[in-house]
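Below is the structure I would like to discuss, written out as structure tokens.
Chain lettering (A, B, C, D, E, F, G, H, I, J, K and L) follows the sequence in which the chains are written, and residue indices restart at 1 in each chain.
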């Protein structure tokens, strides 16, 4: 974490393919509006089921980014 | 949580009436500046006491809203 | 917490001197862009080590501020 | 808990009125199919929001009942 | 929490009406023997069930009070 | 846990003798109605006191059993 | 979670391929005997090792389903 | 927990024989100065080792007692 | 913890200087009315902010003391 | 914990007799290869079941020992 | 866990490909210096981000191995 | 955490001066026997009290170091 001040935000992403894909989606979406993303931590792996099959893989994450001076 | 990306924020609200009212107040306040609120989760129920009586009911919450593309 | 609605954000700060200094740095940085800071809570004390010595003291915190009407 | 063996199940109930009502609903529903309910413990208070207003109050609970010999 | 030293005690109260009422009862009882109560935090919401209906609403709380010099 | 699918249930047992005995009792009772019990994990050790002496030793447990195909 | 009452059960599944596959297996197995599965939450990712290689990927989950009236 | 208000205190007891004995000791000691003890919950099992053998079994507990009107 | 029975209480102290000073203050205050203090454990580091600067450093602690026979 | 530096390791022991015996076994085994064991803390009580009876009592522990200068 | 004494160690591994790959890497590395690895449990899923893309997938794990007599 | 495999160990250090000093002592001691220390995380702040004054400041930490290939 070195010499910077970080801000940590909480996101939840989803995917119809996998939890790994849901993580990618959420990071990609966050990167569109927030510069200087540095790390993430997964806090929850969930999903929605319909007719006995997983329809959406869902993931909650904390994401840290450096604040510019 | 379907196909959207969610952002989760943390709020604390209060009321002189009840915890239920404190929840309503915090959601109403958040809705004034944040669109697309979808869910909340209560993380703490507290309160302040004066002269042996509860003066303020306080509640901490996580609130999720969808990010628009 | 009285009659206000609070928003809680999560920050991580660092210092080459001490954890106490890292706390000061993070609050000072947050105060530059956020008015009405009211309280903080330390959630993690960490650090980076190089050649057997602590190089950076790091601290994660939740910080609450009142939302103006 | 005296001399009995308890089984503990986990339920989630909801209400359009309040969390207190969601608790009542879930206990009432459980009582229809499970005899000898003895106690409950609330593990989560949540809700769904639409157009800035709470649409459903949701509550997760553990519920204990005695097993008959 | 300003300049005082606080002592924190743990209480459990009950009510035949509601959890909100159980909180009031426990604070009122604590105020009879302890001066300078300042805040409380709910740590558990429970209840007892008989014949499929809630008989007692129970609440566990931490309560803080200032120590006089 | 090998190649099987497990179901995990939560039980609470009691004994007038000891916590160790309460564990035995709960497993024995569960085995009467559930086949293929495989493991347990103690989640809580409690007890009831009367006239300054422990009357019941109580234990909460998770118990896992394999689902047959 | 809308207007339904949910029951939450705890499962553990395994796979020789991956944690993702272990999740699929457990949901598929649960769907054979339980209708109206709605969501799951992963609570533990584990595995067994033999001769320095992972033999079984194991996953513990909570799974919620709606109770029919 | 019925209709009473409970106070919960935290104790730590020890024994040179066993954890079970340490629990008995702590309850017996508490009963000497506190009337109306009702329940206890074990929160920690520890011990001290000397020369490779356990010298003291230690246990931390919460103990609840009813407040008289 | 050897052969004694301990009682554990929870305190919160504050200081305008530092968290370290808040710890000292709380122990000193507890020692005025409670004999035989033996250990403490910090459970929370907090603070109050005014005009962008920390006004009070606050600390919550558990403190153990031996009960005399 | 006085003036020493401690190292903490995590062990899991088992016994066909009891959890108490599993604790003894693990400490005895650790003492064979590690000098200066000082304390332990139990972090999990588990067991394996076969044909409806407990076959192995298992216990996970943290064990601390002083590092010599 | 049967009749053996286990030692549990904590590892963190990484991969440029996926969390699943980071798990494999850490187990493979541990197997080079530690015999008799038996199980692992994932305790954290993290990652590092650069230029809006995940650069390293990181995983923290507990790994258990049997101690030989 | 980049491309390395980390091993995480748990230490407890002490000081007669301060918690900050106890952290320094534990890192310095670990560096004498373990190369490539990279980070630490404080998991507990404790202390021992005699005659109403703090005699030893104690700190528990996790410390990570890279494994060399």
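Things to note:
Note that in this section a contact is a pair of C-beta atoms (placed from the backbone, for glycine too) under 8 Å apart; a residue touches a chain by one contact, two chains touch by 3 or more.
As the structure is a prediction and not an experimental result, all values here were calculated from the model.
Interface of chain K with chain L: the two copies contact each other largely through different residue positions, with under half of all numbers used appearing on both sides. The centroid of the Cα atoms in chain H and the matching centroid in chain I are 22 Å apart. Centre-to-centre, using mean CA coordinates, chain D is 38 Å away from chain J.
For the pair chain G and chain J, the distance between mean C-alpha positions equals 31 Å. Among all residues of chain E, those that touch two or more other chains are 9-10, 20, 46, 48.
Pairs of chains meeting the touch criterion: A-B, A-C, A-G, A-K, B-C, B-D, B-E, C-I, C-L, D-E, D-F, D-G, E-H, E-I, F-G, F-H, F-J, G-K, H-I, H-J, I-L, J-K, J-L, K-L. If you check the complex, the residues on chain D that touch chain B are 18-20, 44-49, 52-54. Per the touch definition, chain L reaches chain C in the complex via residues 20, 23-24, 27-28, 31, 37-42, 63. Chain H contributes residues 9-14, 16, 25-26, 29-30, 33, 46, 48, 56, 58, 60 to its touches with chain I in the complex. Per the touch definition, chain C reaches chain B in the complex via residues 1-10, 62, 64, 67.
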